[in-house]
C-alpha cells in the first residue's frame, strides 16, 4: 500500500557501504529516515553535513531513526568512484549506511538525484514513519532547526496496524524554524 | 486550575529586564517555555547557553514559544546585582525577558534556585503548553538534543478548552537524545 | 636612560591583580611585553582577546616575554570596579598580572587609556626589549599575525650592556601580516 | 654553493599544480619556504593544515615567503592520483603551488617522504632564506606557534651577496613555543 501523495520514486542505489543497506524506503516503514546526500569532494559536506549525520547516527535510537547517506556524484566522476568513496568513508570514520547513487547511462546527474530534482550537495531529506517526504533542504541545515524538525516527527502518532494511509503530513520545518520571526541560517 | 503533578513552586522574580515579563508560568499557558538560568560571570553561560537562548528567541515564533532567562546568583553577589546585569545584557545584546531571582534573606542561594533544587548554572528548563516541567538539564545542552526536545513538545496536542488537566507528560529528552546508543554531550 | 622616541607616558595603575605587577615598563626592560587592554563586559575581549592572552602567558617563556592585562574601564564604571574584576578574573581563570587603569578625576576615560590615545577595547600593545612600542592594534588580532609580530621581536638583537639607546625599531606588524597581498582579518 | 649541514636531499616532484612550481629549493633562495605535506583524504589536513596554508599564502608577501604544498600519498594510492588531487584542489580553492611527491617503484612511501623521514600527514617544514630546514612538525601546528616561528625567520639577517655559507641556524620553534613553560598543543 503506497502513499498516493508520495511523489518520490524509489532510490537507485548501485551498492551500499557500511553494511547491506535498505533496498527501499518501504523497508524502513515505522522508523524516521534522515537521508544526507553528499559528494566526497564537496567542502560543505565534509565540514558540516557529514559530521552532523555521524552525530545523529550516534545519538538517536536506531530502532526509531535510520540515518543514511547517499553519494550523488554529479561532477568529477572519474575520481569519486566506489573505491575512492570507500577510502574516504574509512578515513573519516563514517559508520552509517551509505548508498551510491546509480550513474545515468547519459549525462552528469545520477539517477536518484535527477529523479528527485535535488539541487546539489549537501541535501537533506527527512521521511516520516510512513515514508512520506516531510523536509527537503539544499545546503547545510543547522543543528537547531534539524533537531526541531526531527523532534516533531518523533512524536507524531505511529501508523496503526492495518490502517489505510494517513493523510499527507504537513511539512515540519522550516515552518517551525524559519518564519517571519527569523531563520536558523 | 493547577496541575496537581506540577511540583515546581512559582518563581520568585525581583524584577524583569527587557520588558515586564510574565508574572507567573500560568500566564504563558498555551505556549512552550524555554527557561535558561545563568549567572553573568559564569563562562559556560556566556559562551554557550546565552547565545543559544538568543538564537532560539530569534528563530522561534513568539506566539508558540517563550524564551526566558533567570539570573540565579549564588556567588559574588556584590558584583552581580541588577545594575551589573543591565550593563551585561546591554553589551551582549540579549533581547529576551530576563528575570532576577529573588535573593534569600539568609544564605547564598536565591529563592527560585533553592525551591527548584537547581544544581548550578547554566541550567535549562522546558515547560510544555500546560506549564508542566518536561526537561531539566544542568550544564550546556547542545543544539541538536535541545531541538529534538523542543520539536517533540511543539507537536503535542494542544490543551482542550475547558478540559481538565491532561495526565503528566513524559519527559521528552534526553530520552530521545541521550540513551544507550550515545549522548549529545 | 630613556628612549627619546618613546612617546608613551608611564601607565597609571591603581592596583594589580594576580600578584604585585611591574611598577613601570622599565622594570621589564630586557623582556618583550604583550599588553592586552580590555573591559570585563566587552564581548570581543571575553571571547577572543583574553583567551589569547592566557594562551600566550602559558606558552611563552616568562623570562623572555611578559604578558599583562590592563582593565581600561570607559563605560558602566559602577559595575566594573575592582571587586567585580576580581570575581571575573577568578571565574575565567586568568593568571597573568592584570592592572586596573586609574580612573580620571573627571570624565569617562581612565588615565592610561586617555594618555595613550587608545580607541577602545580590546587593544593590544607590543613593546620590545628596550620598552619601545612596536605594535598597537584596536580590536582582536588573530593568532597568526600576532605570532608573526612576536616572533620578529623575539630574535631582534638584545640591547648591549652599557650601550646607548638603539635607534627606534621599525613597527613589526601589520607590515608582515597585513599588506597589499592581504590581511589576517 | 650548497649548505653542508643541509641534510635534506632534493624533493622528487612528479608535477606541480597551480603553476609550474620551483624545480628545487635552491630556486627559492632568499625567501622563506613554508612546505605543507598532506594527503587529500587525511581529515586533519583538510580541516586544519590546508586552510592554514591557504591563509598564509594570502597573508604573506610572496617575495618574502613561498607557501608550497606537497601531496605525499602513502595509502589509498589508487584513489589519490593526480586527477583526484586536481579535483580536490579545485573544489577547496587552494591556489598555492602543490607538488605531487613521486611514487616509489616499490613500496608505499613516495620518494620525498621516505628520503626526508616524514612520519605522516600533515607535516610542516620551514626553510630559512638559505634553504636550511629550521622547523619540522608532524601533525597540525597551531597558528600562534607557527606565527612565532615564521616571525623569527623573517627578521634573521639576509644572506650576504658573495658570502660563504653562514653557520647552520638554530631551530626556531618549538623552542619559543614549546618549552618547560608549556606548549601550544
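The letters A, B, C and D name the chains in turn, as written, and every chain counts its residues from 1.
Everything that follows uses one rule, which is that a residue touches a chain if its C-beta (ideal position, glycine included) is under 8 Å from a C-beta of that chain, and two chains touch if they have at least 3 such contacts.
This is a predicted model, so every value here is computed, not measured.
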Problem - Taking each chain's C-alpha mean as its centre, the one farthest from chain C - result: A
Exercise for the section: Please report how many Å separate the Cα centroid of chain A from that of chain B, as a whole number. Expected result: 33
Handout entry: Averaged-CA centre spacing for the pair chain D and chain A, given as whole angstrom
Key = 40
Problem - Whole-Å gap separating chain A and chain C, where each centre is the average of the chain's CA atoms - result: 51
Completion exercise
Within chain D, the set of residues that touch 2 or more other chains is none
Handout entry: Topology of the chain contact graph, where touching chains are joined (line, ring, star, complete, other)
Key = ring
Exercise for the section: Can you check the complex and tell me which residues of chain B touch chain A? Expected result: 52, 55-56, 58-62, 64, 142-156, 172-173, 176-184
Fill in the blank from the handout: Interface with chain D, chain A side, in the complex: residues 41-43, 46-47, 75-76, 78-81, 83-84, 87-88, 91-92
